[in-house]
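There are two complexes below, and they share chain A, which is joined by chain B in the first and by chain C in the second.
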Partner chain A sequence: MEILLIDSILRSILVGSLFTLIGIGVTQTVAVTKIFNFAHGELVTIGAYVACLITKFIYYPLNLPIAIISSFIVPALIILLIDEVVFKPLTRKGATSLMLMVASFAVSLGLRYSLYIITTSQRLLTIMSEISLRTIYTIGDGRITNLFLWAVPVTLASVLLLEFLFLSTKSGKAMRAVAENVSLARATGINVDYIRRLTWIISGGLAGIAGAFWSIYTQTNPEIGWVILLRGFAASTVGGYYSFFGTIVGGYLVGLSENLIMDLINRFFGISIMYKPVLTFALMISFLLFKPTGLVLEDVNLAKILKKIYLYWGK
Partner chain B sequence: MSEEKKGEGVPSRRGYLKTVGAGIVGLAVGAAIGYGAAPKAAPGAVTTVTKTETVTAPAGGKTITIGALVCTSGAAAAFGEEEKSAFEVGLDHVNRELEEAGSSIRFEIISADTGTTAEGALKALTSLVETRGIKAIVGPGNSIEVGGIKAYCDANKIVSVAMSSSEEYSVKDYIFRPFVTNKLSAGPVAKLMWSEGKRKVACIYRDDSFGRSLNDYTKKAFEKLGGVWKEIKYMIDLPDYSSEVAALSAAVKELGADEETAVFHVTFETDGLNIYGHAATDPVLSKVKWYGTTDAKRDAFLPPAAPTAIGDFLAKVDSTGLFPVNPLSKINREFAEAYRAKTGTSPSGWATYFYDDVWILCLSLLETEGKFGETLWKIVPKVAERYAGASGPTPLDENGDLAKCDFGVWHVTKVNNTYKFEYSKYYSATTGEFGPWVPEAFMG
Partner chain C sequence: MAVDILGLISSFTIFFSVYAILSLSLNLEYGVAGQPNFGKVLFYSIGCYTSGYISSVFLLYLTGHMVAIGSSEAIVLRGSIAESEPLINAVAFISSIAIAFIFGALAGYVASFPALKLKGDYLGITLLAAGEIFRIVIRGQESFSGGTQGIAGIPNPFIWISDVKLRYLSYALICLICAICIYLYMIKLVNSPYGRLLESIRDNEMASLSFGKKVSWIRGQVMMLGSGFAAIAGVLYSYYSGFVQADAFLPVVTFVVWVMVFMGGTANIKGSFLGALVISAIDLATRVVSFELQSKLGTMAFHIDYLRYIAYAILIILILMFKPSGLIPEKPIETPAWSAINEEKSVGGS
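Now for the complex of A and B:
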């Protein structure tokens, strides 16, 4: 069977962007709070539902920007509340990472069942965004959609903003210090609680934005975040649950694996594309076996790189 | 953020990551196994058991309790709500007639959530059997769940009056399926495509027992007519099917994407919406006619439930399929009214089967005077043979599956920005021919 190469590359970039948004949140949470938060998937789901509902009531051209903002705010507030009610008290009581991970499982199930109850009663169990995928440009066999034109730039902008936050602001530096050693950070006067809250807001918000985009890409139901979460974890694994840029690389690697690489395997070896999740597992396991600390790309300064490219282009 | 720190009593970051990473890989592998073994994702191994309503038998009377397996969570949760409501309406009607007849017997249903998985269905059933003493059930409603309970039902002589289309369960067992099977629908679908001039078909189907068996049967029937068949199977419960749609597009292109080429898709609601969403932006897939299964006729696929772009796509590709239809009768009218009064929505064709499941099981239990096990198993086919309910007559074959079924041929129309499934033809199982649709005669 022939392969639609450009289409495959464009799909890889699009879904890679979404996995990156999810993965960054996972990495940030693990690095700062030491919690492998399985409820992260439900934050994606909530973001998707919020976006779907917003687009039902607000029309073009404001629908998508408002949906993105709302999808950032609502999951961020929910995860902040969960931290106050569940994770923070457990941490104070000396809960280990494993206990916190189990607690996050419970939170995940609780949120998912709550979503089932609410969406079933409101007849919103499976819904789709009023914003549909539309082809804007065609490049060969590939199609650049309205979603692509939003999701990829928003992901890149988020990455740049986070980079600025981490490298150039006091809060970002404090966040890195907390990630390094929370006791030491506290001893040096860093307000750890504030940093923790900031972390949850960013990770929850980014998960929500990923959900908003995902709701345009496909349908929304209470399971969707849980199903995508594995890809976010895979992206974070590439970054060693620690490296911000490693996670970005991981997000796009997962996107490429499940699209371009799988399409090529299908084309040349005849293996059905239905096995594409295997590549994600293989990626995760390979990194855990051979490079458990992930790709450490600490010194990458994306803003500087982009500036250099811009200056070079200018010449 | 720098490399790892090591200190006395402090685990290294590498060790920490390995420990937690191993946990995640374990979970991931578990999830992978789950994809294969229990194809529809469920929120977890939680069984929700609900007693629908308190039924009190008259003094000195007897209350017979039956179980119901419903998928009120998981991938088919929307379907489960309909299933549960239809069971409850069926139970109300059975008890009402018993009361009118002056009988001292009443029935009650205790339902349990399957989570739309095989293991969830088994867990729900064992929970009903072990904690509530249930010995006969209605449901479950799809092949995945039936696959989960089949061995247990056979081993423990639990009679199940269920709904599933997959051929692999068509054996003489404790599961009765008074419902259209893939074997019954495949031939008419192939015949329909052929009669409309289609000679090349690209089939995209779910890689589960339902999808595989429907693809295999339809392919066989279509190739027997002289057609060419290409297939793309997909793993269910993926978050996205864009690459599968791209592969379908490539297959259609290879077949020629002309008047003689069609797409046949075997999807459920969640994956179906996803696939339509991507196909709507694909110029090749928009050029050919699409045929679907009984599951393609769902209100969730048309606006206002679905986005306008999907409605437009389905109207453009003249999405067409078969759906089991029943002669209009007083029974299905009464059922539809009661269902509307209970839920505020009209029942789909599926709901009539759920309603009849309850009737068949309760009538059988009345005949056995409340005896279960082998006695009940022997009587169910006899009752089904004589019964004609909301879904029409329910004669069963030697394996306990529906012996024959008539179909209506539906297609998607868009008139004045209103999208509808409209019937245009009727397929008679008796004659094996298509005829004109007579709206006054059928409930579809």
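Now for the complex of A and C:
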């Protein structure tokens, strides 16, 4: 069996983009609200279902853009509602972060099984997106699909947009301040509730977009969010939970380890591809144990790196 | 169609005992010693797999039947051998408990290393991921775990009793005795000087360290004890259901144990028993309701399990919101001095 090297790399980039989208949401919520949000995975699922349903009613060429937009909006609204009903009252009552984690696990379970009930009663338990994977270019043995051409640019665009938000807008700076120290931020007159809502919208929306892409990649069922969630956590862990740039690196690293590295291990050591998640979880645990601050230092950001590259080439 | 009352009682008792042991062990780890174990399902599944494997070793390999552990041949053989040789099966059951406790304790000791470095949520996520790793790895070990098919037909230790009701009733009695023994042991432990040491580590690690306590070793001990008990719960359950399969060991199991601990009250041993009672009552109620509905309506629109999990989710959120200390909050430790003061009070009052 020959290894499809370029195909493997392309798959790593595609899946890595999705993990990055999810990981950014995890990092954002951990930084601003201090919650390890297990319900994040269910937002991915909801996004996937919304995208699948949209593609049943709206046809090419508008189907994918509208699917992406609506799968941004619906999970964002749902997580806002959940925050108002569950997380905010709990935080106000002084729940420890562990209690919040258990509560988010409960929310995740509630959402997942509600989805099960809704989808089985509508006979939609596993559905496929109407958009099918098509190969557009081939590079050697690798295929660039229509999904690749959408997912990677959308991820990069949202990363750049968020980078701009954090560095150049007032809300973004306030968000970083809240992440650093909530009481201090409140004392300087930052509207913490507004920042919190903004964070939920960003993280929920990005999770939904990831779900929309994931629904094209595989079948959709209520479990996909849970399966992909721990990858998002891994991306966030590798990035160090507080670094935006680190999360991007982490997302692609997890994508790389699940596809390219797993393929290589499979090729040379004959270990079944079934153990793919083990690699990710092992990566996550080893980072938690040996380098809990993550891969990337906090003050590195895309703008600085671009500036460095620009200066280097300018000489 | 009438509901089989005796069968319900025995199944309720078995579920209650398994849940009670699990929640007691988590309460020891989290409530008393302050270590959030989000990988409870790992230690539970160690117990389940141990019983599957040990029962096969005793019933198949030692009697000279070399068949694959997950094959349908093995299922039939295990049943027939257990029926004809009840003594071997009893030995298999008892040694399963002992070996599961040892393996669970070893795994717990290994799991206490991350607990030294990490705190709170981070430890929780680490153990959760460890549980998932274990599940995926063991699913691939065909010769040990039966692969994705799992191991079916683990014979009940009372399979020689031909009356099914009596068989499960006597098994339920064994389970209940196990649970009560662990409960009494835990009460003794928590009220002993050792229990006070554990709570001191939970409340202020630095202070206990400065008194010369070996905090890391004691944490290891707690994880060993808790994980060993969780493995025993796994053994009791798998000898009842007769079935071990990797996809049953999802993190949801851990979550249910957490619901019990938070509901009953952290650091309160009686609370864990109460929590287990409530959850197993919900379990039983949903199963009876689903059974009745199914016999009335024919096929169901959806599985009743879904509603049960939603009920758990709502329940825990309500508990966390309105009664975060649980139904029975933590009580002062019953030291000799405390009981003497209490006696004096009651004497003085009368």
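The rule we apply is simple: the second predicted complex is superposed on the first by the 296 of 315 C-alpha atoms of A that agree within 3 Å, B and C clash if a C-alpha of one lies under 4 Å from a C-alpha of the other, contacts with A are read in each partner's own complex, and residues count from 1 in each chain.
Assume contacts are C-beta pairs under 8 Å (C-beta built on N, C-alpha and C of every residue); 3 or more make two chains touch, one makes a residue touch a chain.
In this text, all values refer to a predicted model and were calculated from it rather than measured experimentally.
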{"item": "Combined model on chain A: chain C and chain B, fit or clash", "value": "clash"}
{"item": "Which superposed partner A:258 touches (first chain B, second chain C, both, neither)", "value": "first"}
{"item": "Partner contacting more residues of chain A (chain B vs chain C)", "value": "B"}
{"item": "Chain B versus chain C as contact partner of A:273, first or second or both or neither", "value": "first"}
{"item": "Contacts of A:93 with chain B and chain C, given as first, second, both or neither", "value": "second"}
{"item": "Contacts of A:51 with chain B and chain C, given as first, second, both or neither", "value": "neither"}
{"item": "First, second, both or neither for A:145, with chain B first and chain C second", "value": "first"}
{"item": "Contacts of A:114 with chain B and chain C, given as first, second, both or neither", "value": "second"}
{"item": "First, second, both or neither for A:103, with chain B first and chain C second", "value": "second"}
{"item": "Contacts of A:182 with chain B and chain C, given as first, second, both or neither", "value": "neither"}
{"item": "Contacts of A:209 with chain B and chain C, given as first, second, both or neither", "value": "neither"}
{"item": "Single chain C stretch clashing with chain B - from 19-27, 217-225 or 289-297", "value": "289-297"}
{"item": "Residues on chain A lying within both footprints (that of chain B and that of chain C)", "value": "36, 97-98, 101, 109, 112-113, 116, 120, 230, 233, 237, 272, 274-275, 277-278, 281, 284-285, 288, 292"}
{"item": "Touching residues on chain A, where the partner in the complex is chain C", "value": "36, 86, 89-90, 93, 95-99, 101-103, 105-107, 109-110, 112-114, 116-117, 120-121, 230, 233-234, 237, 272, 274-275, 277-278, 281-282, 284-285, 288-289, 292"}
{"item": "Footprint of chain A on chain C - complex, ascending", "value": "36, 114, 117-118, 120-122, 124-126, 128-130, 132-133, 136-137, 139-140, 251-252, 255, 258-259, 262, 301-303, 305-307, 309-310, 312-314, 316-317, 320-321, 324"}
{"item": "For the chain A and chain B complex, residues of the former touching the latter", "value": "1-4, 7-8, 11, 15, 31, 36, 97-98, 101, 109, 112-113, 116, 120, 125-135, 143, 145, 176, 179-181, 214, 217-219, 221-224, 226-228, 230-231, 233, 237, 240-244, 258-259, 262-263, 266, 272-278, 281, 284-285, 288, 292-293, 296, 298"}
{"item": "Complex interface listing, chain B residues touching chain A", "value": "1-5, 13-14, 16-25, 28-29, 31-32, 35, 41, 43-44, 46, 72-75, 77-78, 81, 207, 232-235, 237-244, 246-247, 249-251, 253-254, 269-270, 273-274, 277-278, 280-282, 300, 305-310"}
